[in-house]
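Here's the structure we're looking at; comments come further down.
Chain naming follows the written order as A, B, C and D, and within any one chain the residues start at number 1.
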């Protein structure tokens, strides 16, 4: 009865299917990316998404690969996020602790004004390296839903632990210290 | 909001020098700029946004206004901080051009279609007046009048 | 509780049963089964009414053993807002949706119970299909009758922003509009299935389409009004996805309300009309979906939700089904030959108007979805904000307003050039005069605004002229006094004059939009009491600070004195209400300033201009005091907490830090709402049923017999 | 109490739904699709005749155009009336 292959049918169906595809995409992309968490829960270490961002105040992007061989504590934060204020002193302490042992904290200042971020860093005495993601485009691949979130990356560039929320000493000891012992 | 005093201090410190000139400088207006940029965390125009990120963005704009920057300078500064997505009017490079082209194209297509339909209809009838219908018989005419009056009551 | 839950399950049982009964009745030509289907709709309406009452009663009684009540209401919520809190929740609003659907479906099926024998069963099945889907959502995914055990002592309270009188009627209006659009949709589907694509189904559902259009329009305007007088940003329309989602079906509905007349009169545009009706129905569902799925970023959406996937499936069925149905029936939808179609005729104007309306809908659709499209294609979300929408919608709106004036001046079938010229004379003159007057008055000449204002003048003049001509004709024949003649002229042809009144309403509305967006003055000013800011010729003086402590919030505000050239104009009060956050780590006083805050706009509305003020007190300046109190009394509760809050509030009123005010003087903005009222009035005139005599159908055969006798001269 | 109410609603709804099957109404009643379609077309035609008169009197339509149009519309209207008579099976106008 329905002449499926008639040109009219196809002409009408194409935009309709396009719309449905779009809605489907919207529904599915709207759910936070949880691949990292799922892999970790299954006991695997997923490769960290490649990150190419400029350092805070600079324009040339650097790649996360530049830190390959080190244990990286990747910390997403913003100067306007209240829990980040509580977390920063702890991260700075850990930076002092792991820097000599081949580890580093790497901040990603997202959706923030550079001068605000600088003021924040001065105020809390942060001197670990800092990247800047002005429009927050890098956060989707990490499945970010809020600030702060922290990803611990081993020497081979694989994510070994994730904390969606503020980190504490227990988390850092548990997930960072063993990685420092690993050789790349 | 907690940082408002600090912001004022910064604004004062930065604003002292051009303060003398500020009377003459063209003041950009916050409400005006708010309508042209987005709050990136919330994905809505800045004037509607109430998040902490939005208030930082607003502080930033206010500082620039106090420094006598023009609207376009402020927008450029915002782009350098937040990337081009901060502007509510998307740029027309690459795929984003579609946001401008497609609606115009569709409107043209629609206009073309409507014009074709009109031409087709008027040519089918031959433009010429339809042959005059024969006059109704008196009985029919009376019946029609009666039915119409009933319908109108 | 049990009763409500049982009613929902019952509804979910009734709806598919009735749908199957109707379909069986239609296929097997069993009238009794068709009647079962129809009565299922009545039963559904009854059962859902009970469920609705149970839930509403729970809200009014503050029965916090209901999860939705506990999370959307509280003891401190004023009774008026307790009633409205129901539809601020996902669950409650879905129940409202399906309840309204059942009511409107019952109404249409009751009115057509003796007509449309071939169509009604299919339409019943479609409507019950809708009810089944929404019923399933309400039962399985968003059940409003979920228990909380133990029941909390108090609820969270209603989102402060929603505390505005129009929130009581805005959602029911909007949902009535959405659900009413499903009725023409259902009958269009039925007409296609039954291959009866003549004008009968259109005639039967015209009023429902019109009512849908009216309700949705009023709903949209109430939302805009809420935005203007409740949200602290000083605007009424932000091209937010949720606003757009309501506007799209309304635009398509407007197109349909015009183009169906072309089918009625000429038999043309059958496929187009069916597509418009199906499109409006789908867009209405899409609107409901957008609010609930969170796929687009919006300020109005319900928070995270699991409803996306079921809605997606449902929309897929609707879209693919509609396309397949229209495509498979295109022989029935072919228009007969158009005899003597004249290019200069009202039909052509309607064609242009349809093009503009559907084009406008497409533009809005494209802008709304483009962030998602660009993300899907390039991986980066583009931002499409108000400036983009303005660029495309303003020219279309200008053209539409001119069409609203041009349409009534054209005759059906054919307009003579001389006639057109005669009709156009006065409206064009008025439009030109308005432009000249505006320029002469030194109003800054922004081309789009001037064009829009000229268009509104043109449209209003043409409507007035048409009304005047109708009255003059009437008086020539009956000699009635003008007001009486006006009433009887309108009564004689409600559809025509109702439509004209709607056009006048639209024109007034656009007059308000044009003037308020192009000529408004906005300014932010940082003031301490005694200081004055000047805006748009008014002097606004910050007289004094105010403060108040109520159980659910702390209010800090300001009294402003507005004067013009030294003469007092008005006194307005604006304030900001601070609601406590639920964060347990925040101090007893500090938590009030960490939670939600809403602006109470100080508005002096007027026909010539609105003076709009909003205050943003500088909490930062009081932060030290607040922190100090919190440190000293970290566990203060009840009276102590009240005492501390009062102390802070009094301190604010006594020695207020500078506050930032947003001041707006917006000309003619009130005409947007007045235009809306006129529009609703026009819609009502057009919907109003004809006098009882015409509806009362004398049994056809006896009438024909009598006529036969008359004709044979008996 | 709750149980009683639930049963009441349940019985009421079932009775309402099943009533047409139990008490069959013999009367045919109602109009066929053909009749409804003609009825709608007739009303539209009547309206069109009146609209044309209105357009003539407000000067949008010339007298000649109206004459042609009105004759055509009236012929169509009578045709519709005849078809209606035929469908209704009433005394067909001769």
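In this section, contacts are C-beta pairs under 8 Å (C-beta built on N, C-alpha and C of every residue); 3 or more make two chains touch, one makes a residue touch a chain.
Model, not experiment: these values are computed from the prediction.
Colleague: Can you check which chain pair, A-B or C-D, has more C-beta pairs in contact?
Modeller: Per the contact counts, C-D leads.
Colleague: Using each chain's Cα centroid, which is most distant from the centroid of chain A?
Modeller: Max centre-to-centre separation from chain A belongs to D.
Colleague: Using the average of all C-alpha atoms in each chain as its centre, how far is it in Å between chain A and chain B?
Modeller: So the centre of chain A lies 34 Å away from the centre of chain B.
Colleague: Can you check how far apart chain C and chain D are, centre to centre, with Cα atoms defining each centre and the answer in Å?
Modeller: Measuring from centre to centre gives 31 Å for this pair.
Colleague: If you average the CA atoms of chain B and of chain C, how far apart do the two points sit, in angstrom?
Modeller: Their C-alpha centroids are separated by 19 Å.
Colleague: With chain centres defined as C-alpha means, what is the inter-centre distance between chain B and chain D in Å?
Modeller: Computed from C-alpha means, the inter-chain centre distance equals 44 Å.
Colleague: On chain D, where are the residues touching two or more other chains?
Modeller: 43, 50, 65, 93
Colleague: Enumerate the residues of chain C that touch no fewer than two other chains.
Modeller: Where chain C meets two or more other chains at a single residue, that happens at 373, 380, 711.
Colleague: Find every residue in chain B that makes contact with two or more other chains and list them.
Modeller: 85-86, 129-130, 139, 143, 147, 151-152
Colleague: Got a list of which chains touch which?
Modeller: A-B, A-C, B-C, B-D, C-D
Colleague: Provide the residue numbers of chain A that touch chain B in the complex, in ascending order.
Modeller: 78-82, 111-116, 119, 134-137
Colleague: Going by the contact rule set out above, which residues of chain D touch chain C in the complex?
Modeller: Residue positions touching the partner: 2-3, 5-6, 9-10, 12-13, 16-21, 24-25, 29-33, 36-37, 39-41, 43-44, 47-48, 50-52, 54-55, 57-62, 65, 69, 84-85, 88-91, 93.
Colleague: In the complex formed with chain B, which residues of chain C make contact?
Modeller: By the definition above, chain C touches chain B via 231, 233-235, 238, 240, 268, 297-299, 337-343, 348, 351-352, 354-355, 358-359, 362-363, 366-367, 370-371, 373-374, 377-378, 380-388, 391-392, 492, 522-524, 593, 618-621, 623, 662, 691, 693-694, 703, 707, 710-711.
Colleague: Give every residue of chain C touching chain A within the complex, in rising order.
Modeller: Within the complex, chain C contacts chain A at residues 289, 293-296, 308-309, 311-312, 315-316, 319-320, 322-324, 326-328, 330, 369, 372-373, 375-376, 380.
Colleague: Enumerate the contact residues on chain B facing chain C in the complex.
Modeller: Per the touch definition, chain B meets chain C at residues 1-5, 29-32, 34-38, 42-45, 47-49, 85-90, 94-96, 98-99, 102-103, 106-107, 110-111, 114, 117-118, 121-122, 124-130, 139, 142-143, 146-147, 150-153.
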